[in-house]
Amino acid sequence: MAIFVDDSTKVVVQGITGRDGGFHTKEMLEYGTKIVAGVTPGRGGQTFDDKVPVYDTVKDAVSEHGVNTSVIFVPPFGAAGAIYEAADAGCKLIICITEGVPTVDMVKVMPYLEERGVRLIGPNCPGMLAPGIAKLGILPASIVKEGPVGLVSRSGTLTYEVVYQLTAAGLGQTTCLGIGGDPVIGTTFLDSIKAFNEDPKTEAFVMIGEIGGDAEEQAAEYIKANVKKPVVSFIAGQTAPPGKRMGHAGAIVSGGTGTAAEKRKVLEAAGIPVADRPMDIVPKLQEIWKR
Amino acid sequence: MNIHEYQAKEIFTSFGLPVPGGNVATTADEAVTLAEKYGMPVMVKCQVLTGGRGKAGGIKFCESIEDVRKNAEAILGMDIKGHTVHKVLITPAVDIESEYYVGMLIDRNTKRVLLMASAEGGVEIEQVAKDTPELIFKAPIDPRYGLLDHEAMDMGMRLCPGDVKKARQLAASMQKLYQAFVHSDASLAEINPFIFTPEGKGLAIDAKVNLDDNAMFRHPGYEALRDLDAEDASERTAREAELSFVKLEGNVGCLVNGAGLAMATMDLVKYYGGQPANFLDIGGSSNPQKVVNALEIILSDKAVKVILFNIFGGITRCDDVAQGILTATESMDINVPIVVRLTGTNEAEGRALLEGTKLHPAETMDEAVEKAIELAG
Amino acid sequence: MAIFVDDSTKVVVQGITGRDGGFHTKEMLEYGTKIVAGVTPGRGGQTFDDKVPVYDTVKDAVSEHGVNTSVIFVPPFGAAGAIYEAADAGCKLIICITEGVPTVDMVKVMPYLEERGVRLIGPNCPGMLAPGIAKLGILPASIVKEGPVGLVSRSGTLTYEVVYQLTAAGLGQTTCLGIGGDPVIGTTFLDSIKAFNEDPKTEAFVMIGEIGGDAEEQAAEYIKANVKKPVVSFIAGQTAPPGKRMGHAGAIVSGGTGTAAEKRKVLEAAGIPVADRPMDIVPKLQEIWKR
Amino acid sequence: MNIHEYQAKEIFTSFGLPVPGGNVATTADEAVTLAEKYGMPVMVKCQVLTGGRGKAGGIKFCESIEDVRKNAEAILGMDIKGHTVHKVLITPAVDIESEYYVGMLIDRNTKRVLLMASAEGGVEIEQVAKDTPELIFKAPIDPRYGLLDHEAMDMGMRLCPGDVKKARQLAASMQKLYQAFVHSDASLAEINPFIFTPEGKGLAIDAKVNLDDNAMFRHPGYEALRDLDAEDASERTAREAELSFVKLEGNVGCLVNGAGLAMATMDLVKYYGGQPANFLDIGGSSNPQKVVNALEIILSDKAVKVILFNIFGGITRCDDVAQGILTATESMDINVPIVVRLTGTNEAEGRALLEGTKLHPAETMDEAVEKAIELAG
């Protein structure tokens, strides 16, 4: 078992005929993900990679194949539109990989999703990989392994780094989840941690944060009050200068808030060990996790 | 993208917010001409992209043309927190009876635009937030309905209890500010202070707006608002090459894919006693030309003694990165050592491409960072 | 008993200090309606007519008095804003008397009310009078009488005319309801008729329609399928020329649809007698109603 | 308020809809000057507030300047369904490859703006709706989100199956039409037809817009769009006096409070064999001056032989109406009989005011109507 996905997950890829969409669809298919349809307006009727039928609209993909999940690879100017379309067509899980979506677009789309009970992951995220179940996004399949650890991160490649080390140490994962580094995202740290806490297969989990906002602090508060499973954290951006956007639109120290030092303080005060280096995460987890 | 006060006021004006007239001057002569047009008194206000301009002596009240000339001469060219003043705003001075703070920003928690307002206007709002947070009123705005009349009025009445006329002006300005925020794709919009004159007229006499870089594609006109003089040359080149780059003071040039990993790499350089020369995220795309551009930007900094690639391939494929490194090294005269760590998607293909070159390979991040620091000397 | 109101109805009047708002507040108070607060921004702290405290906002009125119902007399440019305010403050029944509210404003306000489970009556309506319970709006109290007949109408004064004749004939009313003549209104004919059908005290009812739209036709369909109580109808506007707005923004015959003749045909086909003249309504009702 | 095609196109243009150029002429000379500017071929289109302009000969395709002059001369001054042509629109003629219908209106049932579109463009949409309703696609628009990209695109693809480029143009125009609809407070906005040229360019070549009279207060500029020439003089006076009035052909002048009661009164006049001279609702306010104005408007029609007041007081108080009637009769020289029926709020006070005058009282509506018809002779 994993969080957010299961055997009933049937996937449509929006932007399947684009360069990145096409490349990663092949990777997802290779992993065994049930991708049953693709969408690119104007390409309806074609077949992607001799395997996946392409439709003009998500509505068509849903009515033909009963898909319930969408992975979005469309360019920034069309990303919010793609989310609305997937939600309107009935998808209950939407993973938006697209980087560079205007924040105001995301603010507007949020209530639309809430009204329809849709879970969004991202945008500007690597998506998720539930080993043995589904790869929804761009996390490299080669580094994951089925097992008892959950991982949630605001970052992309830093997530891979940590997953890589978990796997190397023999610690497989229930779900590896990258929630994205934008200021307004669908699924938050808190949502993910609640889900990991409730997932019986997840025995321990890792939380990779970064500067900006107070999502880590909120998670710490929840963990302190509710979580008995072992949790280890890491915060990227200790050396980031204030007022500068560190790539992610959300990674910015402003008005003295959202610093790595502050986050570390709050996490440690909540009893969550914080690793100095990515390579220290696994040892710290092993230290507190009496299996 | 941060824009100047005078530019923010132009946006405000186009959305109907009450702003006193004004225009910018780049010379004292121009400043005097403008001041003569408006009549005395006027304010001379330095236009730099930083706060605390008044404290730094960049904002002056002028009662005579001589004052204007003297102050404009003094302020133009002044250095304010590392920003050189190239322009001053000349604007009619108004009598102030009361001052308020009105601001909007993206609130990550509610996932909405957050209206913040306070009767403690004209001072640094961060300080108010720290010392007396109860004096700042907050209201998240439902994007489906916008800032409704009664919500704006409620906020206006909190700021001006018992004074409906002022509350109405504040409310109307808040609603216009919301329109300006949303339609200009702002990430921050502040009026500090919003003032009332002794006659009861409300005016936004200062303005601060940050625009969402991700939304520039739908505001082609906003590109002209960018102050190229205020930007570091390498940061500008990086932006034009669509690379996310921040210049730092060290000697280890970092090329990393992904913002989180880039920050963690910088942190690790510091951890091992080195100093990162920059933050650079080559982004989620796998365009080899980007790597070439990134190398050129980093190498333009003569302090850089080593290049450290830390690539974990997800959406970026290692073979593209390797190809980019090769293209770059073949076309450029690079005389600093290059440490390369490649892992992830198409890792094998990427490593194969680099075989037999002078690049220093590394297996892990820690190994790569330690090697880079060592090579930097 | 009546529809939409009962003994727990506690009322705030928005625009209580205006000419019309003030006049009708006195009338409503005189009838015994529980008006416990008024709202006029800037008049907070005053007392209306030595009886009713005035507040700056509906929120204040709700928190001080627990009002659940608002009657709105504010001018057209502020009417939609007043509806949002009342709904946001927690009122569950809002009666908007104001005439001349822009239709686009009403289109926008509708989902806000639906999200909050608020019933709106109007705008551009006389409101309702539930004899013996409450007078919410401008229907003259002198003409009503408690009894078993329900009355719903798109009109204002034409309603009074019919109520007057019902009362004169000894037929009292459970509720007299004017839903308004605008194209977009809160409570519709259909909503009202369902409520009358379900109200045990209402034994028979009268439906006063007019040209424009197809609200009467929808009601007819529902009545045919679901209503066993005696119903009589009247349609105003037999002599109205096509393409001309007859006062009410909603009263217009366009493209040959919405004519009085067409409505009459549909109603009669559904088994609902349609009176030729207002004065024929009561006799028709008495004819089919075997008490 | 209905506006002309050329005015609707100006609104469309301001919201970014693709509209061919064009301008209006009031003389054949002006028409020729415009045609020379645009070059041949052009269309000469009568500007009257009614449909079926083409069938009536009010729209002509012109291949030469002589054609333009000849047609403009013929069309200017023409009577089309009772409307005199005072202006013609001169607009470049375009080649048409395909025609569509795109319209929006207020849908009473969904309480939303309803998008309607059909590939059966260029013909009367009412006829399509009657004969082949399945060829008109409908989509109510959620005001909280507006017409979303995928909703517009879905409609575009229905109209142009398999042609994404055309579907995109249609979709973009539908979204702009929605913006125009909402921001101009329209009650109806139609493009019929929206065409594609053989080169694939989409254009709105006809336009129809009705504006919401209730929203004029927030569009002060729209008052200038009103075509005073197209309005009946008495209806204009009534509008200026804020009275709801429609002129009819009978001799019984009706003054009623409330639209429903006014219609029922007209119906009753007809029922008893008389002919109403007008619909007049003096409205929900109780301003005595309104009664004076109403009387003046009705008495300006020399066919009126009797005045019938039918007042049931709710928000309008009977004493105000009575006062209005007295003020009017004292200040005016009225030489037709006046029948007055007053019931409802302040009924007693109203009747008391009228005691001892020459007015004919009546107790019921039927009695009043019968008496009025009798007095009209």
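Order of writing sets the chain letters: A, B, C and D. Residues in each chain are counted from 1.
The criterion applied here is as follows: a residue touches a chain if its C-beta (ideal position, glycine included) is under 8 Å from a C-beta of that chain, and two chains touch if they have at least 3 such contacts.
Source: prediction; values computed, not measured.
By number of C-beta pairs in contact, A-B leads when A-B and B-C are compared. Distance from the subunit C centre to the subunit D centre is 27 Å, each centre being the mean of its Cα atoms. Here the spacing of subunit A and subunit C, counted between their Cα centres, is 52 Å. Between the Cα centres of subunit B and subunit C there is a gap of 55 Å.
For subunit D, residues that reach two or more other chains under the stated contact definition are 144-145.
Counting only residues that touch two or more partner chains, subunit A has 108, 111. If each chain is drawn as a node and touching chains are joined, the picture fits none of the line, ring, star or complete shapes. Subunit B contributes residues 106, 108-109, 111-113, 126, 129, 142-144, 182, 185, 187, 212-215, 217-218, 244, 246, 248, 256-264, 266-271, 276, 279, 281, 283-286, 311-317, 343-345, 347, 364-366 to its touches with subunit A in the complex. On subunit B, the positions that touch subunit D within their shared complex are 144-145.
Taken together, the subunit D residues at the contact with subunit A in this complex read 144-145, 148-151, 153-154, 157, 162, 164, 167.
Touching subunit B in their complex are the following residues of subunit A: 20, 23-24, 27, 76-77, 97, 99-108, 110-111, 126, 138-140, 142-143, 153-161, 164, 181, 183-184, 208, 210-211, 213-215, 218, 234, 236-241, 244-251, 255-256, 260, 276-279. Taken in their complex, subunit C has these residues touching subunit B: 41-42, 44, 56-59, 78, 81-82, 84-85, 88, 108, 111-112.
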